[in-house]
Each structure stands twice: as structure tokens, then as C-alpha cells.
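Labels run A, B, C and D following the written order; every chain starts at residue 1.
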Amino acid sequence: MKIGVIGLGRLGRIHTTNLVQHVPEAEVKILADPRVEETEEWGRNLGDFEIVADWHIPLKDPEIDAVVIASPTTLHGEMLKEAVKAGKHVFMEKPLAHDLETAKELFETLSNVSVKIQIAFNRRFDHNFRKIKSFIDSGKLGEVHLIRTTSRDPHLPDIEFVKKSGGIFFDFMIHEFDTARFLTGSEVVEVYAGGSVLLDPRIGEAGDFDTAYAMLKMENGAICVIDVSRKAVYGYDQRVEVFGSKGSARAENDRETNVIMSTEEAVCTDKPLYYFPQRYMKSFANEIEAFVESVLEEKPVSVGVEAGYRSILIARAADVSARENRPVRIAELL
Amino acid sequence: MKIGVIGLGRLGRIHTTNLVQHVPEAEVKILADPRVEETEEWGRNLGDFEIVADWHIPLKDPEIDAVVIASPTTLHGEMLKEAVKAGKHVFMEKPLAHDLETAKELFETLSNVSVKIQIAFNRRFDHNFRKIKSFIDSGKLGEVHLIRTTSRDPHLPDIEFVKKSGGIFFDFMIHEFDTARFLTGSEVVEVYAGGSVLLDPRIGEAGDFDTAYAMLKMENGAICVIDVSRKAVYGYDQRVEVFGSKGSARAENDRETNVIMSTEEAVCTDKPLYYFPQRYMKSFANEIEAFVESVLEEKPVSVGVEAGYRSILIARAADVSARENRPVRIAELL
Amino acid sequence: MKIGVIGLGRLGRIHTTNLVQHVPEAEVKILADPRVEETEEWGRNLGDFEIVADWHIPLKDPEIDAVVIASPTTLHGEMLKEAVKAGKHVFMEKPLAHDLETAKELFETLSNVSVKIQIAFNRRFDHNFRKIKSFIDSGKLGEVHLIRTTSRDPHLPDIEFVKKSGGIFFDFMIHEFDTARFLTGSEVVEVYAGGSVLLDPRIGEAGDFDTAYAMLKMENGAICVIDVSRKAVYGYDQRVEVFGSKGSARAENDRETNVIMSTEEAVCTDKPLYYFPQRYMKSFANEIEAFVESVLEEKPVSVGVEAGYRSILIARAADVSARENRPVRIAELL
Amino acid sequence: MKIGVIGLGRLGRIHTTNLVQHVPEAEVKILADPRVEETEEWGRNLGDFEIVADWHIPLKDPEIDAVVIASPTTLHGEMLKEAVKAGKHVFMEKPLAHDLETAKELFETLSNVSVKIQIAFNRRFDHNFRKIKSFIDSGKLGEVHLIRTTSRDPHLPDIEFVKKSGGIFFDFMIHEFDTARFLTGSEVVEVYAGGSVLLDPRIGEAGDFDTAYAMLKMENGAICVIDVSRKAVYGYDQRVEVFGSKGSARAENDRETNVIMSTEEAVCTDKPLYYFPQRYMKSFANEIEAFVESVLEEKPVSVGVEAGYRSILIARAADVSARENRPVRIAELL
């Protein structure tokens, strides 16, 4: 199975590295990115790739079976449609699209295509979250009543990034929305969301929040309470709790070591792993491995276009809710 | 300092025991409860008390300096006013009153009286919550951005109790509302709340929820996210997290022992302490000790009538919010 | 049941307080200590006691049913014998005696007397250690293979205390020796012990160690590995692990709160509870309550003279082992 | 840099995989193992190797720069000498040799050779142990007073393996001996060790122990207390504590997830990672990476022949101590 990677930013590089090091069944043949020189320099240590500027090249190459799309969000829709037209399987970075209309169109047109399309919601492949999911699926937690998720970044993003990000609900909390769907196996029916600007006034000037919350009511009666922050001084904080009629399972942060240090001042442990490349390292390898397996063994992907669409639908509802300060039903947006 | 206790249910007994065992400066002289016989039997092992049915007796007794009121909530208002009229200091069980109107009237008439009135928000005296408060006050957490509190009981209450309780926001979440005010030192400006009936349909038939959540927006910009449940199979779950610009402090549950047991099946610790008499044991002793100290040393009480009133105001806002499914501003209710 | 307390140092005061506050079935009538004035001042807040200098007075008083002996170790033997002669039940601070010869004599003469004699090995009544014991007794740990205990004080003792203490094995590690017997329910057959002077050279000049270790071979095949230190900068470190064929149970330190603080520097919790009056508070109340119960209900005490004697036998073996740098069999000393 | 691997058992395969996946600077060219067919089958998925039965082949190949020796211990000495004679750098599995005499000879003849020889004490490269070492080196723990290490396997080894293993001190506790030297940076001067047969009588019949302990006195005054067991039902238990004048650092076990599960029965976490390939996965990659770096950058190896020799010297002392039940000075064996 031969693969082309489109977009060699941070995530494109993570996926390429994982394919090379952890997925012997796949071979990365082409890397496509307008920043050819940088990509060449980066790729040199990893393998022998064809490096091109034009993203159409891997789509035209008959040897290529699948592409990884990790380009800027605004290009997602066009690239995905072209890739499907070219008959390539697609591993698609999240979010599916930069707006609900595009996402909806993709969902409607691509739901039944014969190629595999996997959306890169990597947390579904995280060891901690999967363990919680397995407790739910096995019935050990009983009926799910409540989900609480916390997500905090270790440092503020660049303000230019914030401006183009689509806002905290689309860019950041979208993982939480997918997690809620993943863990409950149920759909969101109503959202109440909001936020504050507590970290950097320029984020407010850009029309966004840096601290935000959301409450989701799920079809099955469960409630999901989310809080996120663009900056936690102690590092990347990624916690989930699922509370059900038979118990509660919660994922605490991972740390670099399990050393406990006791001194005159305090008893301390490591801080959480620094950021997503460290914290979700294994999940990135797992998700791309699962994609290759789906293609090779002709099995359905575990996270398809619908997941991409639905998470954007929830993000839009959250956005409307925050701006109008009222609960918003998903049905309003359909 | 001589004390009369009015109402010898669970909390009246806890306060009496704490006064006898931990507060040598105070002497419990009279116990007033219509269930005279039961009270006599219970009190026999603890000391030599005058046991009466009529709650007016301690108020008329010129030897009595202060009363503890731990009667059913509907009697709180009348008893408190009578006690103040009789010139007694009052340690008043929460909630201050069974409805907002009574609470408001008490707040307006009793805010400037010369006797001490302390409202029994015992969690303000809990070792874990106090430690978090001290981190906030010392500036170690920086500016407070978010508070998350979870409160879950170990078993369902009696359905008859639920019917008379005033509802989950007044009876249960009121502690969370006070905690939000206590920790942030700021007032609530808006509430969005809701709930589900997931545990027992009779609770729904009684017009109440068994699982509920609330989001509070505080005057200082902080957000408070609350979730509560009437039943967690693993015991009394009482956690708080405060996240600020310089760090995060969270209180985990207390357990009976710190033993870790590793077997072929798992690595396990104790469950949380069973229920409030175990979990908040020390806080009950601390709060009544603080009350006696306030009286003897003529210092202001740390939790006064305003705290009682404000928590009920928030509860009412939560109740309206849940029933009308919209955010409710506190100002609407003033 | 009326009680006299002999010796009102730190432990005598703890026992008196516990009797007053937690054991309503008992009444402390007499406090005997040559430091009459200090004792009077201390006792004033606690109750109305007869305070005397001469320890014979409670023994002669026909109203007194039992005495607590918490005097300096060198007086233990004489006082205990006199108390038994006077027909009083005795709650006896550890160690039973300051040397093996006295301990042996007491064991031989007092094993079958009709009064109750309980040795104050309080750790047997500690919530953590009792939980481990319950796991052993219920068979959950299977056959016990290994015990590891660590004991570290938060600060160095006064050098004058060290000189009179009998040495680290008699004064300090004796708790560990009793714990080994308590947990395994088996006798020590051989000891290898040693130590270093790493904290204060004056301890070495006094012929003692400040850091010490011991290995005990038990009759049932289990091994017990002990390490102790006179000073841990982070506080009182009290841990035990029991490893068996079906699992392992270990007691971690207790802390004042369960608050976790995450900052830019680290993720920290409280240090262990400061010292034995904090850490073993509950165990002191439990042990004296058990003593009173044994007397009133005419049940055998749970820690008798034999436990006092055997622990001193092991301490002697450890002392010989450390001085001669060889394993010493208990049988050598009988 | 081209590498040959000699011995493709469990560890040889781990090293080969790590070289292929994590060390792009090195290329594995030859795999030498008498089990040619099995090796071929195993290696097929990993890369394109020359697979030979005769271990002399990589030594004779002029293209080969370095060899990994992971053969049975009895062959270590001969292979190492031949490899050095052939001018190859050597990454040598522990233990250096199967007896003290061979180890001594290797140490004396190979200490000053120009090729790099690294002994595979992988725990020196473990994230937890390295963190503790960094605390020691930075002075944060002050002067080291005590080291406690626990090592327990998740299941009994094959009895045939035990018979050929050289005994629990040579085969198993040797890691602990190296850890003591690594962490303290000091040499052992005296050993007291012993053991029991508690798990399987056949281990006793083979003249070995299945449960063992050792106390090491270090030159710098520190004491090291070790306990090991051939079987812990709850999995691979690998803990180290270093206690010093300024604090204590301890490494707890690593687990697969950080999920906490609370149910009616208990609050549980994962068991420790199952066994050494899981628990020490990263350390194996780190150590071979360090070896390649030492060769390429002409830097001294971090674990040389002396470490191999000294650990065997301590193992011998432990063995003599256990058999003669007396402390044994290292100087006796030189």
C-alpha cells in the first residue's frame, strides 16, 4: 500500500513518521507541500520520498493507494473531494471542514463512496480514553449519566492562528464534542455554551474566547459538561470522567515518569506530558495503523465522515449558543 | 457559655456531640425536640441535659447564651427571628429558609442585629476546601478562571424527603453555590442549570431531578461548573477544582485508609468516606468551635445571614433556569 | 471504671485526653507526676482531677480500677509490679522495660496474673495497619512472603534523650519489631541488623546509630526488612508493605488534606502528617478504648506482656547483631 | 555504522527491532543465530538481513562496525574476546559472564581496549530511574543515606532456566546491584544476603531461592536494602526509593493507562505494566541509541566492562553470604 501525504506541517509530519516507523504494511511515497525545501530537509533523515509542491501530484499517481490530508482547514473540502474522485482512500485531519455548510455537503456527498475516509479524531485511539470506552461497552459503568471533560493547552497559540482558527469551539472543543459522541454512542440534542476572555485581550478582539465551557444534552439522557482553556501553566491537561449507574471511570493525565519526590517543601510528581505530540503520541500511531488496516482488510473505518460532520454541527450550535446566550437545539441547524 | 439545641435530628446530634467533645468553652444545657423520649435515650450517654419538647423553652431561659437551630427547614425563619428577639446568638443550619421570600426578609431584617448568627455551611471549614481557599488567598493560583465542583451522595434519599426538600437546587446544590461564593470571593451574576431523572422515576413525578448541573458566571469573570447526583454507587464523592492563571488546586476524596492493595485483578484503594457524617466530621467540629469563638471573643462570624440568603437566591435562579431552559440573571430576582 | 494516670509527659497526656474525650465508660480520677504544677496547669482545661506527685497514691486508692503507666522506661518494671500487686489493671506504655533481663522477669512473673495488662503498641490500632492485617487474616494476601517497613522521624531527638533511650533498636525500631509479629502472627527466629551515623556525630559518640536497618527471619518463612531514620526532612514517614502469594498491601502515609496543587514548577500534595501525635492520633484513642473494653467486658487484652517481652528480645538480638556484625538467633538469648 | 546481532532470543530481537525503528544512524546487516529458520521468519517483517548460523561471520565481515551479543551467558566471555580481537565495538547483554573468574579476566584484559564495550544494564536508561539519578546528581536529595529496591517478576521462570541461570543473585538481583552502584556512584564494601524457597520447591531442589534479600553497605556510608521475588501475582513490580538528607525520591510502577475506576467494590487502577519488554521498552531503545552515539561520536560508553564485573563481584558476595549466613566483604573476593 503506497501513500502520499498532503501538508507537511506538524500533524503531517507526525503521520508520516508514524507510517514509516510503525506501519510496515504501508510505504510513504510522496510528500506534497508548497514548502518543498523545508520538507526535504525534514524528510531526509526519515526516508527516501518524492517531494513535490503540488498536492494534485499524489492524486494523479496511479501507484498511490491512499492520501493523508493534513493541510490548512480551508483546503480540506476541495482536497477531500478531489482525492475521492481520484479513487484514493483518505486519512483526513480534523476538522472535516472550516464551516458547517461545507461539512454538510461533504457528509451528504461522501457518505456512501467506496473508498475509505477516516477522520483523524486521534483521541478515540488514546490508551486512556479507550480504556474508559471499554468499561462503558462492557457494561461495567452501567447506564452513562454524566461525562466531564477538561482540556487545557500548555501555552497560548499565536494570535494569527487564533484569527484563522474558526474559534475555540471549532478548533479546540471539537475534540470534546467527538469524545462525547464516542463515549456515549449517542447524539447531541442540545448545546449550551459560553466563554470568557481571561488570558489575552487580543483573543477577545478577534471575536473569540480563551476560556470556554459547554453543556451537551445527549439523546440517551446523559449530560456532558466540558471546560477548556487555552493555557494551563502546569502543562497539557487532558482529563475525562464518565459517571454511570454502576460506577465512575476517569482518565488522569499521563506523566513522563512515576517518580515521587518528597522534600521539606512538598511531595511532588511530574507535571502532565507537555503537549499533544507527547501526550497523544501513541494515539497518532494507533489511528494511522487502524486506517491502513481498514484499507488492507477492507473493513469499515472506525471514524468516518459522519463523525467529522456531526462534531462541526455541535461546534456551530455551541458558537450560536455562546453568541446568543441561550441553549441551542441541534435540530435548529439541520 | 451555655447552649440550647433545637432539633435533634442527624445534624442536631452531630452539633451537640461536637460541643460536648470538642468545645470545652461551651456547655450544652437544653435539648429541645418534640421527640423527647428518643432524644433522652440518645443523649443519656453523652451528658446530663435538660430535655424538652418545646423549642421556646431555651429561648426563654435567661441562662442560655446561644442556640443551635437544626429543625426542619420550614421552621427556620420563625425560630431564627424568635431567637434573635430573645437576644440569643444563633448557629443556624442551612438552608436559611425554605423559600427565597423568607430568606430575603431574614436577610433584610437580621443583617445588622447585635447577636451573632452563623449559617452552617460546614464545607467552608473542611480541611481540603480550606487549603484550596488558602492557595487562592495567598495568590498561588493567580486569578481564578474556573471552578469545578462535583457532589454525589452514596444512596438515594427517601422519596418523602425529596418531596419536602424544596428540590435538588435548594436542598443539595446549595452547598455548591456557597462554595462558589466562598472560593471566588465574588458574587454570581448569571445561572444556567438543568437536570435529568435517571435514577428513580418517582423523583421526576415529584417534580424534581436526581442528576443536575449548573453553570455560574461570577462577577469577577470566573466560571463555575457544577454537577451533582443523588447516587454514586462507590460512595460520597466530593471534589472541587479551582483553576487559575498560576495553577490549579483540586481536592480529591478522603478515604478511611491509605492502603493500596495489589492483586491479580487490580490495584485498589479504599472508596471515599461513606457519607457526610464521616467525610465532613472535622468540618462540623470546626464550624461550631468557630461559632463559640466568635461569641466569646466578640468577633464577626465567618458565614453570616447574607451567605444564607445569597445561596438561596442562586438556588432560585437555578430552579427557574432549569424549568424555563434559559440562563437566568440574578438581577432578575432582586 | 476509675483510672489513675502515672507520668504526665507527652504520652500520658495523650492517654488522659483520649480517656476524657473518647471513653465515656472510664473516668480519670488521679494524675500522678512529680511535676505537679505543670500537670495542674495542663489538666485544668480538661477536667477535674486529683493531682499528686507520688505514683503510689493511685495504687493505694481503693476506688481506682486501673492505671495508665507512662513514666520513664527505667521505672516501668517496678511500677508495673506494684500495680499488679495492688490489684489494678494496667495500661503500660512501651517498651515494657529498659533491658531484656527486666522484661524477661516481668514476662515470667506476670503472664498469668488475673488483672489485665495491655502494652501500648498503638500501631496495632492504626487504621492503615489494621486494614493490612485484615487483608492478611481474610486470606486475601495468601501466604505472607515479605514485610517491608519504613519509619522515619521528622526531626532529630534531643541528644540527652538519645543517651538515655537504650539505643535505636530499643527505643525506635521496637515498633517495627512488634509490627512484624502482629502482621505475620509468627515469631522471629533470627535477626541481622546494623546502622550508620549519618545525621549527627554526637549520636555516634553516644554509642548509637541514627540510621538503621534489620532483617528478621520469621518462623513461618516470611522475611521482614526494616529501615529507619531519625530524620526525614519531609516529615514523619510511616509505611508498611506486606507481600504475599496472592497480592501485596501497602500503607502509604496519611496527609492533612487530599489537595493536589499543579503549578508551573510541579504537581504537589501535602507532606505526611507531621509526627506521631498527628499520624497516630486515632490509634491512641482506639488502643485505650480497647483496654477499657477489655476490663469492663472481661475479655483478654489484644497486646499483652508477651508482646512487650518479645519485642525487647528482638531489639536485643538486633543490638548484638549490629555490634558483632553477624546474624543472631533469638534462641541464643533465651 | 553497520551492526551484526549475535543471538536472536528475546533480548536480541528487542535490540534488533530498536536499532531498525529508533536508530536511523545504524543499519543491522547480519543476524547470527543457530536457529536460522526461526530467525528468518521473525526478521522477515522487520527488514532485509543476512541471516547466518555461525556467530564468527559478523566478526569476520569487514563491513561490520559493531556487534550486539545477546547469546546465552556461558558464551559471553568467548564471544566478547573474539569480537574485540576482530576490532568490533560491542554491545554486550548482561551479565558480563557466568562466573566471577571469567568476569574478572574480562575486566582485566578488556578495560583499556580501544573499541567501545557497553554492558546492557538497561535500567540505567529507564525514565524513572534516570529522573531519580538526576535528583541525586543535582544535589536535591542531599547526601544519600538509604536505597530501597524491589523487583518482582509476574510469573515463575521455567525450572530448566532456573537450573542454568547461575542463581537468583547472578541472574536476577544483578540489576539491583548495578542500580545501587549507578545511583550512589559508590562501591559496595559489604553484602549480607539470603533467601527462601516459598514459591516452588523445585527451585530449592535446584539449590536456588525464589525470594531473596540483600543489604549492601556502600563505601560512602549509604545502605542499600534489596528484596526480590520470582513471582508477584499482580505483575512486574519495579520500585526504587532513594532517601537522602534533603529528601526522598521514589519510582513507582508504570501502568498502561491512568484510568481510575470507582465501583461499589473499590477504587482501582491498572496493574503495573506486565513484564520487562513492556516496562523497560523505552530504556532498551535508549541504551542502544546511546551505544551507537558513543561509537559515532567517539565518546566513552556510560556502562562499561567494569560495571559488568563489579555487579558479578557483588552477586558472588551475596551468594557466599546467603550460603554461609554471614556478611561478606567484597575485599575477601578480590
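The definition used in the following text is that a contact is a pair of C-beta atoms (placed from the backbone, for glycine too) under 8 Å apart; a residue touches a chain by one contact, two chains touch by 3 or more.
A quick note: this is a predicted structure, and the numbers were derived from the prediction, not measured.
Enquirer: According to the touch definition, list the chains common to the neighbour sets of chain B and chain D.
Expert: Common contact partners of chain B and chain D, which must touch each of the two, are A, C.
Enquirer: Considering A-C alongside A-D, which chain pair is linked by more C-beta pairs in contact?
Expert: A-D
Enquirer: Please report how many Å separate the Cα centroid of chain A from that of chain D, as a whole number.
Expert: Roughly 40 Å separates the two chain centres.
Enquirer: Counting only Cα atoms for the centres, state how far chain A is from chain C in Å.
Expert: Averaging C-alpha atoms per chain gives centres 58 Å apart.
Enquirer: Give me the residues of chain C that touch two or more other chains.
Expert: Residues 232-234, 237, 246-248, 261-264, 270.
Enquirer: Across the complex, what residues on chain D touch chain B?
Expert: 232-235, 237, 255, 261-272
Enquirer: Chain B touches which residues of chain C in the complex?
Expert: That would be residues 21-22, 24, 45-46, 127-128, 131-132, 135, 140, 246-254, 256-264, 270 of chain C.
Enquirer: Along chain B, where are the residues that touch chain A in the complex?
Expert: It comes out as residues 143, 145-146, 148, 150, 152, 192, 194, 196, 198-199, 211, 213, 215, 217, 221, 223, 225, 227, 229, 232-234, 237, 243, 245-248, 325-327.
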